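Presented sequentially are two complexes of chain A, the first with chain B as partner and the second with chain C.
What follows is the complex of A and B.
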């Protein structure tokens, strides 16, 4: 999936995450992670984000995840929705996450 | 009337009695208005404010407090150093104290709680000496017991008269009970009132009495009313908190507590506050009335009093303006000081008479130890309050917490900081099940008999981690930033500096 513009998904509500995806002019993946769970779960969230991006076929993007206590499934869903929008494909390939 | 009889005739020593002081003329106290000073500085001059002294404050104005910052600024301006601060609690509004710690004005702090930028800075190692976290009962024990000697108590009050009778129940910045300040007033070497209104003598009933007060300064504002108290503590509509509250009320019922004349206390958290609503329904349905409710008083408890469902409210701190109004108008709503409430060092305190207390928690561990002081990053952001006092006193101690807060499990292997020891906790009620202290097998039996979801605490922990994954352990360095005192004066835990904050 090719990221062609900046777009985002999710909210800043407790239990959710706000994910923003933009094209990366330098190529490759740049992942920025912020939020109250990072101290204890940063590594887990990073792994889930990277494996989700791999499953979606996103290889070049700047991704920012601002989590507010989101569980893995929420991170996956917000990331997929944001990538789908930023790639201009509308609905993301949800089956890739199964 | 003056005039002296022939004093020369009066011996200074009487056989079989001892030495005496002969009468020298009628004693007349200074005029009532002699306590009134034109400015804070004039009062501090008269009271002999000095470097190294211990200054105390109360936290009845909560997040609206203007007094602590104002007074510390005045003390710093006078060039005083190495002060010990002994407020009943501190909050987010006290961020300006950071500068007074940095410049050496403040050397030592003991408090029940700490939040916001000041808490962050102290957690990162701002102070040379670790701070002391005290419970409300523990602080009263230290003061009434003479262990904590207060040189100067500076007590903000909404109104007082010119002789120093003060109340929190009246005035435009009414905060309700002055329960914490009452202990300071009767023990401090010097007591200075900062009052928003000076009313005609005598202000009655007085929470702080004229016989304890040295000086009074009228000031424009003691606090920001919007931070002092909300109109009424709002009942939560969060379905998960309501579920927890419903489970807690059902467990309290199954434990056999809701009988004629029982007594209760509930904390101020969303779920523990909501328990009152469910208990009320049960009381109405069964025609049962409670004898008294204790502690921080909210509009929900005021409603019980006004409906005749509880005989009396004993108020150490009014949590909202409804409670403050009720204290001023309801005869059954009584003010109590922190020692009467929870001091374990005297001959009895009210928490010992509690049938049930419902308390919140940030973390609970497999031994049922409770943390209400440090967050998931190890940084101080809470208050000890009356947590360990009421848990020790009440016949049934119920701790309520959601199984998860965001991604963070509330049930953990070992709490970051112990404030209340697990041995004084009977039940942990979550949205996914209830854990019972293994020392109370009969309680577990009663709950199971009532069809309640009794679970092993280890099972709850594993359930939480099945959603969140296993949290990475926090790392700390060797620097102690705070000592956590148990109510009897022993140290129950140390708070060390989180590694991420070391420089």
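What follows is the complex of A and C.
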């Protein structure tokens, strides 16, 4: 999945996450995490985000995750939605996300 | 027996509600990808519902998803996502005829194959929300072996009928009656429409009693506070259960004696009365003999 423009998904509400994805002119993945759970669970959130990006086939992107106590499933969902929007892909590879 | 007294609506784009909805004890959950989600957020809600189905443990509570119609750009992708996620049943909105069921069934079959789910494992529920749908309800109810229930959606129906909802529900009486009759004839369940006035408990109970009296198996609910009241009305009362136990015991005694006549308290008990008593006990989870 090729990220061709900046787009985002999710909200700043409690239990949710706001994920923004944009093209990375330097190539590769740059991941920025912010939110109340990051100090304690930052490494876990990073792993969840990276595995979701790998499943989606996103190799080059700048990704920002602002979480508000979101569970892993919510972060995965918001990230997948943001990537789909930023790549202009309407039919996600559901098999890869299983 | 599987109970569907209450089916709790959960907006598909609300992560916290998707996680916790089962703790209120509904018989079924209905994650909504249709009216509760704006067109701009359809893709995001689909991802949330997919992950919820796949990752969360709802402790045995049935998981239904109301998809967008196949006449929209969203319906087919909804089916792929929810079948992949492991949904128990797909609820079709605005079902106008058996051809609508056939179309969804084909898409569900293809998705079962694609995601290696057991053929026939995904069930269907059809919501009927137009005059045309009610007039075709007999054909709709028997359109697919996957169909487990039909439901009436009142707001769209009364709009289609050029009327509005009233306290006594007279405008829905014919539609509700036809829908329950079609469900009974097809051997599936009938589910009543939502009651939107959350503050009006008296009105809600009145509508529950009407639905139960007409023969409905349950009702769609929009708030956890409606679940306990719904279950209370759709379950047999303690008095009804006590009577049912006596009727079933009398029938068993008559059978043991080889007598075709069942009597209780000096009155003849006909076969349909024994059947109703057995059903009341089954609803309460009691053994029928």
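Definition applied: the second predicted complex is superposed on the first by the 97 of 98 C-alpha atoms of A that agree within 3 Å, B and C clash if a C-alpha of one lies under 4 Å from a C-alpha of the other, contacts with A are read in each partner's own complex, and residues count from 1 in each chain.
Quick note on the criterion: a residue touches a chain if its C-beta (ideal position, glycine included) is under 8 Å from a C-beta of that chain, and two chains touch if they have at least 3 such contacts.
The shown structure was predicted, so the numbers you read here are calculated from the model rather than taken from an experiment.
Shared-chain residue A:10: touches chain C; no touch with chain B. Number of chain A residues touched is higher for C, counting chain B against chain C. Once chain A of one complex is fitted onto chain A of the other, the partner contacts of A:44 are limited to chain B, with no touch recorded for chain C.
In the superposition on chain A, A:95 makes contact with chain C only, while chain B stays out of contact range. Contact with chain C, but none with chain B, is seen for A:81 once the two complexes are overlaid on the shared chain.
By the touch criterion defined above, A:71 reaches both chain B and chain C. Of the residues of chain A, those at positions 14-15, 70-72 touch chain B in one of the two structures and chain C in the other.
Those residues of chain C that touch chain A in the complex are listed here as 15-16, 19, 43-44, 47-48, 50-52, 54-56, 77, 80-81, 84, 114-115.
Residues 376-377, 404-408, 467-469, 471-472, 474, 500 of chain B are the ones that touch chain A when the two sit in their complex. Of all residues in chain A, those touching chain C in their complex are 9-10, 13-16, 70-74, 76-78, 80-81, 84-85, 90-92, 94-95, 97-98. The touching residues of chain A, counted against chain B in their complex, run 14-15, 36-37, 39-44, 67-72.
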